[in-house]
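What follows are several structures.
Consider the two complexes below, in which chain A is the common component and chain B and chain C are the respective partners.
What follows is the complex of A and B.
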């Protein structure tokens, strides 16, 4: 009986911890989503400003993005799943033309305007935030899963 | 209707009757009570003993709890995976959330009397102490089972009427423009566009000629300064040296002027090209003038009359 009681105590504490963790994760996830929204919005505004200021013949447009017929290049930024339960992370390569890592900013102009540079850094932040948000969401799903399972144990009634 | 950014990212719990009665029953065991909880209890008509100290919400430690993974694995080891549950893991887990979803359609009034995460942390600690001292056998998860969870939500903002009016105006202008473009060939009154008149073209040519003339003048002035001015200042100089000086000064000025000239001429090109490239972009203004001048008299016509 005493053993059962201590077990029950442990399970209950675990359950409490899981619930608290769930609340924490919800808050953090919301926060990261809000940050993502902000970063994305300011990036879009900066891009719009670039196009506004440098309108006309040399405007930033989709026409400057390489098409299927252009030379191939490697991705500068990859999503890596670490596989050990720590979620995904973003892996960046330094720009190296000889190995096929081209700087995408140079498609638009050799001397990109400041606002375009800032927009790029904002969008880069966005990618990081997406990864962070995904990790949090995965953790949240795990916690929810554990709660479901724990609820079915005979110790918690 | 626009959704604005979430301002308050905190998760909130509406305390149920069970929580409040529990708090009331155990209140003499509390030594410290967070501000929010104290306010909540007062609001619901419960009184705290005088000896309890009220602490600020941010003094409550609130770190993410460590989850005992080994214990967890041991406990859930014999629970089979339920595929249909993992697919939509959100649903069966928290009954609070499903309630939340169903109620979202109704307009929700701002809920003030809620428990925040820091309060829950405090509650966990308190419950832990109570269990150790054997005052009660209640766990947090049992307490909050009956509570409703309020997730952070986007505020719904109405569209600004000023913006709406502006959009409406722009839309009307656009439609007007399209209409006039369509009826341009039919209605003789609308046929004379400012770009078509000779005066307009001469004017724009004049502008360019002036720009070029300015360039020539300043280069000539630069050469004159180098050729005569330096000679007058310094004293008699050999003829070849004077020419060299003049050419150098003129060249410097020409370089500087060339930059501005190129810029200016480029602008003209843009203006001239624009109607061909995107017909709506530049023509509208002029066309609008005509539209208005039709109704409002001769003053508006003057600019293109001469």
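What follows is the complex of A and C.
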């Protein structure tokens, strides 16, 4: 079947639009990773300050976090799909020990220092940035899939 | 104790160095389920690549995980497994760590995107 000129033109325009979308998404994706890197680095500096102030590298380390032998507990934040096409978002649960929602700060100290509390705030920002980054990555994947599909059609030759 | 019944939403899992895991756990993403399976793994210099790969594959199979965060330097060690994962769920996010800044040229999704306008670098 001979493809008419207007169909080929429309496919070409669609391809252009997809490529433009792809470049915008690459830019946003990279920027979101840079933001995540900044928030993560700020949090890591505050963890290092806590270690310095409280003596020894073991004051905030993997030695305090739960292992397979620890009691079960639930995550305080979960990923929920908004369902309206806006992608995912983070939903936080309040601390409620009786229902398994424990305060992670208390693994490290009963009276956490201000630097550790500030670190928590930075890492909470990181979790929000992760959701934003995931939405962008999924959009970028969709665009790449469409470009691949369109390239395989006889319209783009 | 049925702590996990009727919980809305999915988990974020973490594979990374000590600071990444401690940080995200402080952020509230950590969970240990009723089978005593954590959704995080701390990678240090003694962690074997096979252990890392098994953990990543285990997280891929879990239906309660929506996002897998992995430090980019750890992702480099199991690049073939990450490249083979094409499904949007769970999303695999390569994140920078304290010692290894983010390198866009190593990111799986960006390498695929680059292949779209530079066929010589096309990865699939």
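Keep this in mind: the second predicted complex is superposed on the first by the 124 of 157 C-alpha atoms of A that agree within 3 Å, B and C clash if a C-alpha of one lies under 4 Å from a C-alpha of the other, contacts with A are read in each partner's own complex, and residues count from 1 in each chain.
Everything below uses one rule, namely that a residue touches a chain if its C-beta (ideal position, glycine included) is under 8 Å from a C-beta of that chain, and two chains touch if they have at least 3 such contacts.
The model shown is predicted, which means the values in this text are computed figures rather than measured ones.
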Which of chain B and chain C A:73 touches, first, second, both or neither: second
Partner chain in contact with A:31 - chain B first, chain C second, else both or neither: first
Which of chain B and chain C A:16 touches, first, second, both or neither: first
Partner chain(s) touched by A:61 [first = chain B, second = chain C, both, neither]: second
Contacts of A:144 with chain B and chain C, given as first, second, both or neither: both
Touched partner set for A:52, first chain B, second chain C, both or neither: neither
Partner chain(s) touched by A:126 [first = chain B, second = chain C, both, neither]: second
If touched residues of chain A are counted for chain B and for chain C, the larger one: C
Common interface residues of chain A - those touching chain B in one complex and chain C in the other: 19, 22, 26, 30, 33-34, 37, 141, 144, 147
List of chain C residues in touch with chain A within their complex: 1, 3-4, 7-12, 18-34, 36-40, 42, 66-67, 69, 88, 91, 93, 95-98, 101-102, 104, 107, 109-110, 112-113, 116-117
Residues on chain A engaged by chain C in the complex (per definition of touch): 19, 22, 26, 29-30, 33-34, 36-37, 40-41, 43-44, 47, 60-62, 65-80, 88, 91-92, 99-100, 104-105, 107-108, 116, 119-120, 122-124, 126-127, 130-131, 133-134, 137-138, 140-142, 144, 147
Touching residues (chain side chain A, partner chain B) in the complex: 9-24, 26-27, 30-31, 33-34, 37-38, 56-57, 141, 144-150, 152-153, 155-156
Interface residues, chain B side, partner chain A - complex: 5-6, 9-11, 64-68, 71-72, 75-76, 79, 82, 85-86, 89-90, 92-94, 117, 120-121, 124, 127-128, 131, 139-142, 144, 151-152, 270
